[in-house]
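Take a look at these structures.
Note that chain A is present in both complexes that follow, paired respectively with chain B and with chain C.
Here is the complex of A and B:
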């Protein structure tokens, strides 16, 4: 119990340090790498909560592929961020208030892993027993994700698909419009 | 980056194990942590690594854009197809019980196919996004 507390305190302090460093970061590549590090620490956090599947997803998607895609996309941005000159007192106050309210509410949450807490009473026992008897798969997460909640996962897949083709469509459109601009320029130059 | 021998050799050594690990995560998701989303990202990272180190042209030679876009759509179709197949066999949409000889066998087949569909779509969306960003010309015409 005490070792868990030490590990959690360690991970939270690293996350806090990264968050503060993110506020100070003014170059794009620094921001992207810090976000990636934040995801990796979050993955460790999920492991301490015994959510191995979520940790796996966070490490591969949050820390891995999104960093690469961000870097690939941000090569087209200016290297330095403009210094923010507007007054940040009100947003800071808002964030602190919201954070305080959330922390205050978290005291009312049931203890993590408590068997008598409401979310473990409603449908979870059915899933745990059904995963063994009806589906026959040891990993309950997979049986919930692919079988009990198959509709949701179908929706997620379609969302990923739609997002992908939307980005492709935007970038392709940009390419054709660039070609148009270039050919118009050429026509104008030839006309002169 | 394509004339750095350390990167090239390391990429050649790592490429197959990354794919193998992706397939392990994909098809072992029933028994351990993992599944289509994670496996898709891992497989995509192998192809993206290849394209980063050897250049976009070589990457597109290894994994052409036409196949990429075809597989991108095939993943979603596979997922929906499993649902429609179970409807054809007389059960509800995405109810896998009728796909196999017993309820558990049907669930196994359904989950395996559905996760494979997820993996196909996720990996190919990631690769397609990387290709699109890497070959994107910015407004002043300079290429990355």
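Here is the complex of A and C:
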């Protein structure tokens, strides 16, 4: 257990380093690649925390598809981020306060890996037994995802479908800019 | 003692990552950076959930024939699987909005865009004034 925790602490420190590098990154390609690396280290952490299904989903979807989306969007966007004009003190203060409160509350959280903590008590033993006796799928995550919580998965597909339609609708009229129409109207009015 | 200290370190860094993500969302002007911040925030929340699901000496929740096996909690894994896919849908939607904003304003910096909006607003007021003066004449 302690070796696992040491690996975890190491990986989570790498993630912190990547996030701090992200705060300083100014070019877009660097930002996108750092985000991809962040997702990959997160996938490694999911493996050490016994969440293998989540790990390969994060590696393929979080580090793969999102990076492709970012790279595709990057081709049409300015390559550099401008320096901030406004003061960043207020957001920084807000984040520090919220982070402090969360860290203060973390002393009330159950110790990592404790089998008696409330999250493991309620319905999970039923799911584990039912997966063997009622459903007969060895992978418990699959049986919960597809059977016990099938409606959640159905809702997820609806969300993804809606997002796909919305993306198509937003990008469809990319050519006709509202501003151009406005400026043309203005020219026409001035002409009269 | 060491294990509890390491566990607390895990929680603390996850909270720090969340706050860095939140800062990127609310503190930066660049819209692409805001979306990257959202991704960072999401991934750190996933980490928090998966950390809760871990059991000491447990195995991944895949059934085997050995008796008395301890399985880690599968429920957070299921929830986070759903959340990862929804997160990518959110990212795609946000990126398409950023592309649209860029084609409309020629910039993805918040300051530029609000300045352009302000100019447009004043232009509108000017044109409406001239129209009303013409009407009076």
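Note that in this section the second predicted complex is superposed on the first by the 170 of 192 C-alpha atoms of A that agree within 3 Å, B and C clash if a C-alpha of one lies under 4 Å from a C-alpha of the other, contacts with A are read in each partner's own complex, and residues count from 1 in each chain.
The rule we apply is simple: a residue touches a chain if its C-beta (ideal position, glycine included) is under 8 Å from a C-beta of that chain, and two chains touch if they have at least 3 such contacts.
Quick caveat: nothing in here was measured; it's all calculated off a predicted structure.
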Contacts of A:76 with chain B and chain C, given as first, second, both or neither: both
Partner chain(s) touched by A:56 [first = chain B, second = chain C, both, neither]: first
Touch count on chain A, higher of chain B and chain C: C
Partner chain(s) touched by A:68 [first = chain B, second = chain C, both, neither]: first
Which superposed partner A:95 touches (first chain B, second chain C, both, neither): second
Partner chain(s) touched by A:14 [first = chain B, second = chain C, both, neither]: neither
Partner chain(s) touched by A:160 [first = chain B, second = chain C, both, neither]: both
First, second, both or neither for A:151, with chain B first and chain C second: first
Which of chain B and chain C A:135 touches, first, second, both or neither: first
Chain B and chain C footprints on chain A, overlapping residues: 52-53, 57, 61, 65, 69, 73, 76, 138-139, 141, 145, 153, 156, 160, 163-164, 167, 171, 174, 178, 182
Residues of chain C defined as touching chain A within the complex: 2-4, 6-24, 26-30, 32-33, 36, 39-40, 43-44, 46-47, 50-64, 70-82, 84-93, 95-100, 102-105, 107-109, 111, 120, 127
Contact set on chain A toward chain C in their complex: 1-2, 5-6, 8-9, 12-13, 15-16, 19-20, 22-23, 28, 31-32, 35, 38-39, 42, 45-46, 49-54, 57-58, 61-62, 65-66, 69-70, 73-74, 76-78, 81-82, 84-86, 88, 91-92, 94-96, 98-99, 102-103, 106-107, 109, 111-115, 117, 119-120, 123-124, 127-128, 131-132, 138-141, 144-145, 149, 152-153, 156, 159-160, 163-164, 166-167, 170-171, 174, 177-179, 182, 186, 189
Of chain A, residues touching chain B in the complex: 52-53, 55-57, 60-61, 64-65, 68-69, 72-73, 75-76, 134-139, 141-143, 145-147, 150-151, 153-154, 156-158, 160-161, 163-165, 167-168, 171-172, 174-175, 178, 182
Residue ranges of chain B in contact with chain A within the complex: 25, 29-35, 37-38, 41-42, 44-45, 48, 52, 72-73, 75-76, 79-80, 83, 94, 96, 103-104, 107-108, 110-111, 114-115, 117-118, 121-122, 124-126, 128-130, 132-134, 136-139, 141, 144
